[in-house]
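Before any comments, here is the structure.
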Amino acid sequence: MAPVRVSVNGYGTIGKRVADAVARQPDLSLVGVSKTRPSFEASIAIERGYPLFVAGEAGAEPFRAAGIPVSGTLRDMIARSDVVIDCAPESVGRQNAALYQQAGVRAVFQGGEAATVAEVSFNAAGNYSAAKGKRTVRVVSCNTTGLARAAAVLRERYGVEEWEATLVRRAADPPETQRGPVDGILPAMRIPSHHGPDVQTIFPDLRISTMAVVVPTTLMHVHVNHVRLVRPPPSAEAVLEAFRQAPRFRVFRPWEQAGGTPQVMEFARDRGGRRPDMMENVLWEDGLGLTGKDLRFFQGIHQESIVVPENVDAVRAMFELAPDGPSSMAMTDRNLARAA
Amino acid sequence: MAPVRVSVNGYGTIGKRVADAVARQPDLSLVGVSKTRPSFEASIAIERGYPLFVAGEAGAEPFRAAGIPVSGTLRDMIARSDVVIDCAPESVGRQNAALYQQAGVRAVFQGGEAATVAEVSFNAAGNYSAAKGKRTVRVVSCNTTGLARAAAVLRERYGVEEWEATLVRRAADPPETQRGPVDGILPAMRIPSHHGPDVQTIFPDLRISTMAVVVPTTLMHVHVNHVRLVRPPPSAEAVLEAFRQAPRFRVFRPWEQAGGTPQVMEFARDRGGRRPDMMENVLWEDGLGLTGKDLRFFQGIHQESIVVPENVDAVRAMFELAPDGPSSMAMTDRNLARAA
Amino acid sequence: MAPVRVSVNGYGTIGKRVADAVARQPDLSLVGVSKTRPSFEASIAIERGYPLFVAGEAGAEPFRAAGIPVSGTLRDMIARSDVVIDCAPESVGRQNAALYQQAGVRAVFQGGEAATVAEVSFNAAGNYSAAKGKRTVRVVSCNTTGLARAAAVLRERYGVEEWEATLVRRAADPPETQRGPVDGILPAMRIPSHHGPDVQTIFPDLRISTMAVVVPTTLMHVHVNHVRLVRPPPSAEAVLEAFRQAPRFRVFRPWEQAGGTPQVMEFARDRGGRRPDMMENVLWEDGLGLTGKDLRFFQGIHQESIVVPENVDAVRAMFELAPDGPSSMAMTDRNLARAA
Amino acid sequence: MAPVRVSVNGYGTIGKRVADAVARQPDLSLVGVSKTRPSFEASIAIERGYPLFVAGEAGAEPFRAAGIPVSGTLRDMIARSDVVIDCAPESVGRQNAALYQQAGVRAVFQGGEAATVAEVSFNAAGNYSAAKGKRTVRVVSCNTTGLARAAAVLRERYGVEEWEATLVRRAADPPETQRGPVDGILPAMRIPSHHGPDVQTIFPDLRISTMAVVVPTTLMHVHVNHVRLVRPPPSAEAVLEAFRQAPRFRVFRPWEQAGGTPQVMEFARDRGGRRPDMMENVLWEDGLGLTGKDLRFFQGIHQESIVVPENVDAVRAMFELAPDGPSSMAMTDRNLARAA
C-alpha cells in the first residue's frame, strides 16, 4: 500500500518536530512543510530534504533572496496531500480548516484550537478508536496529553474516583524571547482551568479539576497530581511499575540524579536522537506517594515535543493504518527511536 | 507597666523586619539587634536607633573598621532582655536555645527550627491562647503561617473536611544571589511535603496534605488550594467576604490589576510604609472558585514578611499583654500601619 | 511667588514617581495626574491626595464602577496647569505635544521620545542652563541620564578623551510580566547603539560610543565603562572621591556587602522613604579601576527612578526657579530626603 | 600507527562532551571515562560503549547497586592511557596532576586550573605549535578560547592595537540548579577581570583588557568587543568574511532570525548532531560595526562545548599527530561533523 501523503502546515515548535517524526514513519510520506518567511529552520528543512512551500502574503521572494529553494505555495502542498497536519499558531488552525475542506483533504489540528474544530479530540492511549476513519481530528494540547496518558494508566488499573491537578506551566518556549514573566508567578484566573474539561474530551466521565500557574521557566511544565483511586493499589511501587510498563512514560530513579526539569532536559540532551526532546511523561520514583487510595505524584511535561507522536498516531487512526492505540504507539515509538 | 524588653538575635531578612515591628509597639521595647559582620543593614540599624550587639567569632573589630558603633556582645544583649526573638539562620536557633535558657530569658524561634525547639508552635489566628505564659514559642514558617491563617477562617465558618495544597515556592529571596535555579522547576521529592504536618502543629485535627515545587522567582510563594468544606458556603462571594473581614488578608479585585505576584509586590511598593512588604495573605477575587463544598483558591505569600506580625503576637501571648488573638493582632497591625 | 502648577500625564512607572516628587517640592504644586483605567495605583493616588483626571477613550465610567473619584478629564487637567510632565508610554508623548501647545502650556517629555519632541534635551548636572526659559524640554532616558551624570563629573575633573560603554539592560520592569526573555541574552543589533548619540544631546562634543545587550532581570541596568581620560587622576581613590562628592551618586564600600544589583535594591528597600528607589548612580569602590589614563568602572542604574529628580529640575530650569543645576539638585534632593 | 590512548577523568559538562569527541577521532582511542557516582550520564556512557572507571571514595558499590558495570578504578584507567584529559571540577585538576606524573602519562588540563598547572596554555588557532611534544597542556577556558579565536583572525588580517571586552556571563549551566542569581546582575569586582591576562597566555603581546558581569541565564556567554585595529579593514563585510572563512566561526545572517542566544541554541537543537552544542564562536552580521579602525562586535560563546574540539587538538599537538593548527582543526571538525 502506498504511504499516506502527509504535509505539515506551519513549521514552528510543533510543526518542525512533527515533520521529523512523519519523515521517519515508513507508512507515511512527507509531502512537505510550509513557512511564511525564511529562517534557519527553513534552511535546515531543505538540508533534511523536506520540500518547502510558501504560505502567507510575503510570498516566495524573501526565500529567493535568502537562497532557499521553494517547491510551490501552500495550496500546491495541500493539493498533493492526503492529510494536512495543521501546526499553525493558535486559532489560525480554525481559519485554515476551510482551506482543507475545499481541497478535499483530511486534517489534523492541534490542541490550541477549540474542540469544535474537528470531529473528535484525540489521545493515542485514551481514545485511539474514536479517530478511526475520521476526516478531521484534534490532537489535544501538551498538558491535556500528559494528563490523558496518566489517566489511561490509572483508570484501567485502579479506577479514578476524582483527580485534582495543579499545572505549573512554563512561561515561554526557549526561543520565545518576547514572552515573560522574568520574575514572578502568574495564577491563571479561571477556576477551575480549562484543562480539566479538555481532558474530558478524551474521557468524558472522568472527574477531574485543574488549576494553573505560570512561572518563569522555559523547559517543561510540571503537574502536581492528587488522584483518589477507586481500588487501592497494593503499593507505590506497583503504581510506578504500571507507569513504567505503559508506553511514553519515563520514570527516573533517584540514583539517576534527574530530580528537576533542568536535569531531565539534560538527560534528553545526553541521550541524543534527532532532537533533545522528552516525548514521554516524566515521573520520578521519589516523586510519587501513596496513602490508601490517595495517590500523589509529580509529572514533567515537555511542552515542545510531547504531542509529536500523538500526531503520527492520529493520522494512523484516521487512515486505519494500525488496528489499535497500542499497535500504533509501538510503531511510532520504534520508528522514532531508530531515527536516533 | 514597663514595656517588655525584646531583643532580636540575627538581623537578616526576618530579623530586620521583626526589629522594625517591635520598635513600633508601645508595649514592647527594643533592646537591640545582633549581627556577625558589618553591612549596610548594620548602618541602617544604627540610623534607626537600634543598639547593635556583636555575635559570632569575628568580634567587634570589623564593625570598628567600618565606623559602626557596637553596644556590646550577644551575651550583653541577652542579659538585658526579657525575651529574645531568635532570627538566626535555620538550625542555628536550636543551638542558641541553650544560651537563652542559661541566661534565664524567654525565647521565640522561627519556623525553620524543628517544632521540638519550643513548648508550642504558634499562629496568632490559630492558637494564640496556647502560647500564653510559655517560656519558649516557635512561630511557624511563612508557608505554614499562610495556610494556618486561611484554615482559621474556613474552619470556623464552614468546617474543613480535607485540604489539599500545592505550594509553588520562590527559589530565593531577592538578595540571595547565590541560590538558583535560574531556569527550571524543582519538585520537592518528599510526598506529602512537611508543610501539612507543620500546619497540624497549630490545628492537630486538620486533614491537610501538601506538595511543593520550587520555581525561579524571588518575590512570593503561591499556594494552590483545594479545600473540601463541611458546610457548603452560600456563594463564592460569601467566602471572599469572610476572608476580607479576617485580619491579615488582602483580597484584590480585578480592576486593581494586581493579577500576579509582581503586581502585588508593586502594590506593596506603591502603598509605602517602612518597607515594601505584604504581611497579609493575598487573595484574588477571580482567583477563587466554589463548586458545592469544593473551594479552590490561590493565595500569595510574601515569604520575607508574613511571619513578622506573628512574632510580635507571640511575645504578647507569652507575657499575656493581650487577652486573645484578635486583640493582639489588632494592636500589632494598628501600630504597624501607623508607622507607615 | 505662587508655586508653579504641575500636572503629570500618564501615571505609570515614571509618572507615579514624578508625581510623588513634585508633591514634595514647595515651589511646585501638583495639579493632578491622569490615568486611562482604574487600578490600585489610582486608589493610592487618591489616598495620597492627588486629583485624578481621566485620559483615553474608556472615560470615567470604569473609575466610577471602582469607586474612584475623578476630578475631570485630561483637558481639564491641562487647562489648570502651567506645565505638564508627559509620562505617557513611548511615542505617545509626541502625539500629546500638540495638545499641550494648543492649550498654551509648557511641557516636559521623557527620553523615550525622539529628541526633536522638545527644544532641548536635558540633564541637571549636564546642561541645566540650556533649559532655562524653554517651553518644551525632554529629560533624557534612564541610561542616558546615568551616563551624562558620570560624564559631567569626569569631564570637569579630568577631561574625557573617549568613552566606550556596554549597557547591560534589564529586560522588563518588575510588574511588566508580559515581557521577556526568561532565559537568554539579546544583543541590540545596532552598532553603536543609540545611547551614545543621545548623550551627545547633552554633551555634543563628547566622544562616546555604546553597545547594549538585554538580560533577564527586572531590577537595574549595569553600565560597563571604559573611559580614556585627558588628564591622569592621581589615584582610583581620587576618582571615587570625586563621584562621592557629586550629587546623585552612591558609592558602595565592600564592607557594605552590596556587590550586585539585588543587594543594591535591598539597600533601597531597607533605607525606606516613599518608595524603595535608587535615584542615584550606583558605583562600587571595588568596581572601579585605574590604569594611567584608563578608567574602568561599573555603574548601576535604577531604570524606574533615576530620571525622577531630573524631571523636577527640568521644571525648575524652565521657570527659572533656581539659578543653576547644583542649586536645583540640592533643593530637589533635600525635599525628597525629607519626605522619606 | 596505533591510535593514541586517551582517557577522560571527570565526566561532567565538559568531560562527557570531550569523551564523545575523542570517540569520533580515528587517530585517538577512548580508553574510558571516570565518575564518582552513578547517574543517567553513567548509564548513557555505558550505552555508548565507553568503559567506566570509578573515581572517588564512594567506590564501585553505588554503581553495582544501580546495575552499572565498571571497568576498574581511576588508577586502572590512567595505567591504560597515553594521555589523560582532566575534566575534574575546578582546582581538582591541580591535585590530580601528581597522579598523572607518577603514572608517567601525559595530561591535558582545563582552563579552570591556574596556568602553572601545565607547561603551556593552548588554543588551536592561537598557538598550536607551542604544545607540540609537550607532556602537560592546559586548554584555556571557554571565554578565553572565544577571545583567542577572534584575536587569531583579527591579528593576522589587520593587527590589533588594543582590545576592550565586556564579558556578559551566564550564571549557571542548564542543569546547575543550585546556582543563581534568579534576578539580578552581578559585576565581577576585579578590574580588569582575569580573562585578559588569560588570553595573554596565548598571545603574550596582545593588548587586551576585560570586565565581566554575571546575568541570570544558562545558555551562553556574550562578549561585547571593541577592537582598535592597526590597519583599517576595507569594510565591515570584509571583516565578516574573514570570520566566516576562519574555522569554528558561525556568522548568522539577519534572515536566519537567530538574533539572541536562545535562538542560537534553538539552531543548535535543530541542526542535530551528537548534542545540541555550538562549538563555534557565534557572530551576527548585524551585530558587527566598523568605524575606521574601530571594530565593534558581539560574539556568543557556548560555555558547555566551545573548548571541546580544542581538547582534541591539544592531544594531537602533544603527540604531533598533525603538523599545524589548521590541519588539526580541519580533522577534528570533519570527524565531529560526520558524527552528526
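Letters A, B, C and D mark the chains in the order given here, with residues in each chain numbered from 1 onward.
Criterion: a residue touches a chain if its C-beta (ideal position, glycine included) is under 8 Å from a C-beta of that chain, and two chains touch if they have at least 3 such contacts.
Note that the structure is a prediction, hence the values are computed from the model and not measured.
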Please indicate which chain is farthest from subunit C, where distance is taken between mean Cα coordinates of the chains. A
Is the number of contacting C-beta pairs greater for A-C or for A-D? A-D
So what's the Cα centroid distance for subunit A and subunit D, whole Å? 35
Distance between chain centroids, defined by C-alpha means - subunit C, subunit D (Å): 42
Between subunit A and subunit C, what is the gap in Å from one C-alpha centre to the other? 47
Residue ranges of subunit D touching at least 2 other chains are 174, 176-177, 181-184, 186, 216-218, 260, 262, 265
Give the list of subunit A residues in touch with subunit C in this complex. 171-172, 174, 176-184, 186, 216-218
Could you list, by residue number, the parts of subunit A that touch subunit D in their complex? 16, 37-41, 43-44, 62, 65-66, 174-177, 182-183, 218, 252-253, 255-258, 260, 262-263, 265-267, 269-272, 274-276
Help me check something: in the complex, which residues belonging to subunit A touch subunit B? 164, 166, 168, 170, 181, 183-187, 189-192, 209, 211, 213, 215-220, 222, 224, 226, 254, 259-262, 265, 284, 286-289, 291, 294, 296-298, 300
